[in-house]
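Sending over a structure as structure tokens; questions will come in a sec.
Order as written gives the chain letters A, B, C and D; numbering starts at 1 within each chain.
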């Protein structure tokens, strides 16, 4: 830790950017994401946009799984609910993208709370499996044309140009979407950090670490869990709405269990419960998938179907080496360097 | 007259449900066994079943490489492959995750899901593959009102009942059974009694995947061929079955699976036309959610008294 | 009872240094010996390294990323530094872990049954399987069908000792057997341990907070502090040492000091 | 203590009527299947008192605490006057565990039950957040009153940490701390609730003399200066007789003796069951 700097108040000690070096690094790094559209081709830009959107989604998952410790296997369903409800708002009411995405987030938050009701009685794996059941039900519901009146049909195409609010500030190019996603990712990263350093996040973690003693010491466990579902669900729903606009045409297949798996991999690979873990995890996985696709295509044409196999293998090997995720690995490296050259 | 037909239809739905449920039971028992002994929630269970269901096709036809092994031998090899894969998984993967956080292990099984999907897509794609005639049973078991029980389902019922009975006896009466449960309850305390955790996990995976392979093959037989999508459904239905029975109970998994099978079949038969296609498969899930709220530990799970 | 002349000690640590997770130094330069038929007491405050030493002897410490980085551990004359648990168990080392680790979902009988395996083989003896256990802990016979998780703390402690007993060890490592037990029970259990030690010829190393009771049954004692041995000697001598009395009974010697607390008001630092 | 105590026999009823006690229960029973853990127990703890509960293992001491703080529901009875629990004069039998905690009932745990992966500050802050926490919006944005409140909570928590002499461990992960410190963190956590009554479930178990002495220093101070009511499960009879004002002996789920600690300890029945010293 740097010497010579002292905190003069609790507020400054609890700040996010506490040290001078951190402050300088932050200011220097700040312009980089904003400069990227000028430097990169649209393909790469599109990949990074997807990363931003998934960061929002995985941060939402992190609130439920990483903070509150609820193993919810309905990430795909949450994204779908967010995407379809904001699409429905856009196609029927046309209030602009932001209000629509906001409504999508709210609808998802409500759904997530409903999904979380079983946590009244059960926990752990029972929650995992009951939410998986709800994933299954959601997919079936959206796929059923009989309910098109509610969800607007299993395949919905969104207009390629939408105003941000009403007709104002039209969003159409990938650059526009990029900036929108960037702002969303930064905003929700900040919100996540705020949750984690305030009483809300502390109660989430308390419930995750020891729900029994938490209840005895005054934490309303059920309500705390539902709050996590609501906040996390909202974030995932917003990500769903943005993702819907990003891909243009909604298809239930994109919101299946495999999306849940993917987001779990991202979060676990990065480091559960850590905002930077989510960000690093999403970036690593998306780039890894992209790279794998390219490499496989170069090495063996037609073997692209094997991509998931290699993807799975890479993850297993990584977790075998560093089961707590990249962030923990970096932490250990830091610890090692700090005490180097002494072993302990 | 129409009454008799209706009763017959109902009975047929019920019997088919029973048969399907028994297939699910084999896969569900494999899942419950792994959970009971190693504490791993194997989310890849349904996908393993798919892999095993496909294996006889690969082995006995010239689908990928020209094996042209006699179909019956191919089925035997598949079951043996189940045992072998159990060993490989333990030695190759799960051994490295002993004592690691549960979530990491869950992700490993999720990664296995991805891997299996990759292999299957590479080998055959999502399409339907007919099973070799020679392994499909051409007999049925006649029941009342002209309803017949298909051969594969009859086999599934026999296998499932035998497996569950054998496993229950194993856990109840043998020292090895007690040791497996002890290792699940407290690894360190078991280790200082000389229990090799590695060995218990090998045993669990080998038994589990052997049972799963039988289930995977019988399911393909019951539809006279193999295709991927139904197995992913099974993968999820099996979770419902296990939770319904109480996640750590072997007989619970069995009865849960039978219940799920029957509900699914009756739902498909009677409610699909009324609500929307596919409602029958969703019905067991709705049933599961109700059960979880009413009976948090499933029908047979051990209720834990929380202690402080 | 005492090991014959020239016979190597059952367990000997020679200048051992134990490190957790490659960076946390738990025990430093500890040498101790336990001879055949002895009860050795390991005393000292929490975090002094008592459990760590037991865990490195039984090998279970490796599952917690512990490692003997310097010095050596020997068992019956052979070097077993950093040996794994299974071979140590095969050689007759049974470890009773801290915190009454019964298998909660199993019945008492099934718990005992788990003690019947050693070295991959079922143990056979002239007596019936659990007779040895009931000899010392007759209460357990009535509890055979009860789930171990539902038994009381005292019964659980008896169960883990009985389970270890039918495992037929040469060396029994006991970690905090008296933790959270009522005084009468502590007395009973320690007495039973002494009997077992005498009758069954089992060498024991007992790490316990309860210095008085432990030294009463022990032959030899070691006092650890901060990962190092501060004091050692025959148990009957240690009992009378001022340092021990002071450490466990407070500066005034025999009389307890807690009553002072009632009249002692600490200076408020804040508020 | 006020001199209102009635001198009664060791087998008499509660010292204070439960419904008027700081914490009390009337004829509470708790069974688990065939096992009766607590059998018709009535107690009444006076405000500011320090009471010890002793008894052999399996006597139902921890279960009694768990019933008192609502972790277990007592068995329901037909008689509306029995099976009731009172906190500060209110009937709280139907109140949830967390509501009783907020109403001023703190608790430490035999098995610690700390948030092991978090550091000491986080452990205490988590429970502090039960007492005072900003609204959702304020917390998400970390603006305005939310920020001030967090800083204020942090100040209070630092005070508790200072008070219990935990400075050097503030940023240590709880799992890595020795038992003596962990027990103190457990106490710190419950103090963050600002309770009126604290249930101490073997808060000294496994501690060395010095650690016990320290713990008592803190508890005695809290009891005398802050008027905190203490209900303590403890096996060490020296501790019990030295510090507590009254003692309750449980055996097989029932109260077999209660009253002045020295008198209770001298009771032959208690000696036979509990201490094992025959005279």
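By definition in this document, a contact is a pair of C-beta atoms (placed from the backbone, for glycine too) under 8 Å apart; a residue touches a chain by one contact, two chains touch by 3 or more.
Just so we're clear, the structure is a prediction, and the values are computed from it rather than from any experiment.
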item	value
Greatest separation from chain B - chain, by CA centre	D
Inter-chain pair with the most contacting C-beta pairs	A-B
Inter-centroid spacing, chain D versus chain C (mean Cα positions, whole Å)	30
Whole-Å gap separating chain A and chain D, where each centre is the average of the chain's CA atoms	41
Gap in Å, rounded to a whole number, between the CA centres of chain D and chain B	48
In chain B, residues with contacts to at least two other chains	305-306, 308
Residues of chain A touching at least two other chains	212-213, 216
Junction residues of chain C, two or more chains touched	24, 150
Of all residues in chain D, those that touch chain A in their complex	69, 71, 96-98, 101-102, 106-107, 109, 113-118, 122, 125-134, 136, 139-142, 146-155, 158, 189-190, 193
Touching residues (chain side chain B, partner chain A) in the complex	35, 41, 93, 96-97, 100-101, 103-104, 106-108, 110-115, 117-119, 121-122, 125, 232, 236, 239-240, 242-243, 247, 275-279, 281-282, 285-286, 288-289, 292-293, 296, 306, 308
Residues of chain A that touch chain D when the two form their complex	9-11, 13-14, 191, 194-195, 197-200, 202-203, 205-206, 209-210, 212-221, 227, 231
Chain D partner contacts - residues on chain B that touch it in the complex	305-308
Contact footprint of chain C on chain B as seen in their complex	99, 175, 178-179, 181-182, 185-196, 302, 305
